[in-house]
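Take a look at these structures.
Next, two complexes with chain A in common: one pairs it with chain B, the other with chain C.
Up next, the complex of A and B:
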């Protein structure tokens, strides 16, 4: 088990290094000049030159990369160009809001997707209605779905606030948007696992034992659906915790995703890199956590991983 | 004395396919009947029908099954659920698949006590461990906490048997439970079955294609071919005086091996058993060495050929 963890951690570092390299190089393709952004449109060429020199913007790309990687390796994500504050502080400030949204979205998709999947899996025939709903939900981009919900529930019906804060009422629509996008995945996985469990030989054993329906459902069906759901949820938590740019920007949710979007627009390279690195670390860490939890729920997973 | 299991003219259909045709058997309490046949002979369908465990699409189209005087074919809903296990237990061939992979072995025995008797978690667990020890599992408490994939095939089959003991099933259907095991473990499981029968009076309906197993454990034997019971009677009688050409050929394949010179080829029955289509008339006629005029057209009647010994073959006379 220790060896497995070391290997996984090593692979995770490689992944993170790849993400850092790729993002760093790609940000140079963003149009615009960071120095102009910082100094303002009317700054004189002399001021621009000073800003460039201070930020090493005239160095070659490999040299800038080397400087950046050296800093990151020492735990320093740098200082935001525009906000003049350490990147790590800016991200940490946004983390609670993002975490609340992540948990909200996860609850929606697991309960709704899991419930629908179970319902569909227990039917003799697959529900066409569910299949159609899945296709629709999968095809709508989250920002369109978000705007749709916003227009209908906040603007037309005036049931919920338009957003901009982090109150419970303001959480409902962004969490629903995030969750609805995930529903088809959970519904499909749970429906399939349910069908597999129902047609399994151990189901015949359970029925032959004369167990009540609810015990069969809870212990012999739902229990066997947990493993794939945990894998999915682990991935989702990671992605959601690293900031969901579209949903956060549609609902003006003050999370990491919104911060990242602002960093793009402001050409704030340290902030942009910081949010990407944090995202990569969170994704890698939660994948590992999900695998470990899955091993707890599904004893067979333990053998594959240790053996 | 009424037999514990009475199957009367049972037919099992999967849609338009008739897997079992008018099968009748009777098993006395505390005895073992073996049902012998090749793959596709309908033996498992008959067993599943008795246990009311036919898969979706399968149904008992005709006939009746009485266990301990209860007509199980007419049971439904909660009555059926309560009767399951209590009347008929089921030992599957593939114990790996028959146990839930994500639950500890002990829990799968203990849940019987918890749901049927309302026993507490600890009490149910204690009873389960006792039963595991009783079926010959060493360090039963440790094994109870293990998962099916951590156990050997023989241990898993013992867990299945412990489950049946927990249910106190009147009739235990053993669907080739030893087929997947190696010979020494197979012998242990057969010995365990015999011991449990002596101790608890368990009645077995033992499905197998292995004549050696039949000789070892069965008091009576029914031979199935093409969905029909072609011969049945006391095992000793059937072995000594097989009346149906199929039974004779089947025994030949076993005995040929022992008496023939070492390198002689195994005796075989020419042709293949029916799959998906049962020939009209006597189902065995396409492979029978004695096939004659009425065989392809008329199903032979079942006639008595000895004390408690019946067979269905045109060679034996009976109504044409």
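Up next, the complex of A and C:
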């Protein structure tokens, strides 16, 4: 198990290195001269030259790459052009809001999707209504779903605030948007593993030895669903933490996604690339964590991966 | 299928619905508001400049569907190629290709899309390249896994043992067995690509107004939700219907046992 994790962690590092390389290449192709962005449109040639020298822009490409990689490896993602502050600080400031949204969205999809999936899996026949609802939910683009929820609940019915802050009430709509989108997957996965558990031979044993329904459900059915749900949830948290641009943009949620959109609109190169790198690190890290947690809750995974 | 064909027909015959840029004198109400649905001469009403919505939706179908079909074919094609080669040849080829795939899987979709779009421009071809870059890796990952499994099957091993060259084995034995999987992937990928393509335009990075595209029409329509909801509903219905068409095809294909739904596929 330890060896497997070390290999996975090594591969993760290679992936992150690849992302850093990719952002380096992308930086060259973005429009605009970075020195001029910092110094302003009326800067004298001398000032421009100083700025260029500070950014190492006159060095050869390999040497620039080396500077870039060493900086990133030390956690230095550069300084934002517009905000004049280190990119890493800007991202860290936004992290709590994004984390709250991610947890909210995850709770919606796990409880709603898991509940529906369990209900569907315990039925003798698959529910057609659930299948239809899944297909419809899959078809609505996130940004439109968010906007429609906003119009109906916040504007027309005036039940919830329009957004722009991070209070609990303002969390409901964005979290619901984020979560609703994931419900079909969780329902499908939970329903599937419930069916697998119900038809397994250990289930016959459990029923035969007279275990109460509640205990069977908790010990054999739900336990069996945990492993796939954790895999899904790990992936989701990573994606949500790396910035949900559409949802944050619709609800003016002050998280990383909104920061990304602003960075794009302002052509703030270091900020844009910084968020991409941080997001990639988060995705890789959470995949690793999901592997670990799955091994902890599901003995079968441990055997498979060491054997 | 029927929904998708209707969409394509709408795009092909767009010119018969009129000029999407024309601003006729009768395009607005006397108070300067857009005409509603089902007014004479404008079955889907007009937008805030008095342009005919039906013509705009039809021309929008051109941009949206061109992006969808081009990038679906290229991303699935690229993914299948990479997955096949990596899964079949193994060794350092596998490692190199799959590490590149991992990099593209780890990159956050929407923001990279925005960054790429600012480099590659905002035309149909540019956006198609952006969407391809964002989505080929998912196909590659799935095809890679399937190819690995197929490679261990006896008929493939027999073909290799008989000395058949790699290309022949791939073409004769592996590709035919992947066909239904690839078709399913293409359907789900198509759904995603429609949503993402118009999503980029919605955020202002894709096709720019005044060229009609469903995504930028959606963005325009949101501002008018109060007095002319059809400006939002009409393009939204188009996007939803086309995605719905792709998802339905994918569902029916996957029910025949090809692949199960991929969570991350439709995530944007």
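Operating definition for what follows: the second predicted complex is superposed on the first by the 263 of 307 C-alpha atoms of A that agree within 3 Å, B and C clash if a C-alpha of one lies under 4 Å from a C-alpha of the other, contacts with A are read in each partner's own complex, and residues count from 1 in each chain.
One rule holds for everything that comes next: a residue touches a chain if its C-beta (ideal position, glycine included) is under 8 Å from a C-beta of that chain, and two chains touch if they have at least 3 such contacts.
This one's a predicted model, so the numbers in the text were calculated from it and none came from an experiment.
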> Which partner reaches more residues of chain A, chain B or chain C?
Replying inline: C
>> Between chain B and chain C, whom does A:26 touch in the aligned arrangement: first, second, both, or neither?
In response: second
> After superposition on the shared chain, which partner residues are touched by A:202: those of chain B (first), chain C (second), both, or neither?
Replying inline: first
> Given the touch rule stated above, what does A:224 touch, chain B (first), chain C (second), both, or neither?
Replying inline: first
>> For A:215 in the superposed arrangement: first (chain B), second (chain C), both or neither?
In response: first
> Is A:124 contacted by the first partner chain B, the second partner chain C, both or neither?
Replying inline: first
>> Going by the contact rule set out at the top, does A:176 touch chain B (first), chain C (second), both, or neither?
In response: neither
> Do chain B and chain C touch any of the same residues on chain A, and if so, which?
Replying inline: none
>> If we count contacts the way the header does, which residues on chain A are in touch with chain B in the complex?
In response: 124, 200-202, 204-213, 215, 219-220, 223-224, 226-227, 297-300, 303
> Mind pulling up the chain A residues that touch chain C in the complex?
Replying inline: 11, 14-16, 18-19, 22, 26, 29-31, 135-136, 138-144, 147, 151, 181-182, 184-185, 188-189, 192, 232, 235-236, 239, 242-246, 249, 257, 260-261, 264-265, 267, 272-273, 275-276, 279-280, 283-284
> Which residues, counting only chain B, touch chain A once they are in their complex?
Replying inline: 51, 53, 56, 81-86, 88-90, 92, 94, 97-103, 108, 111-112, 115-116, 147, 149-150, 160, 163, 167
> So in the complex, which bits of chain C are touching chain A?
Replying inline: 99-100, 102-103, 105-108, 110-112, 114-116, 118-119, 191, 195, 198-199, 202-205, 218, 222, 225, 232, 236, 239-241, 243-244, 247-248, 251, 260-261, 263-264, 266-268
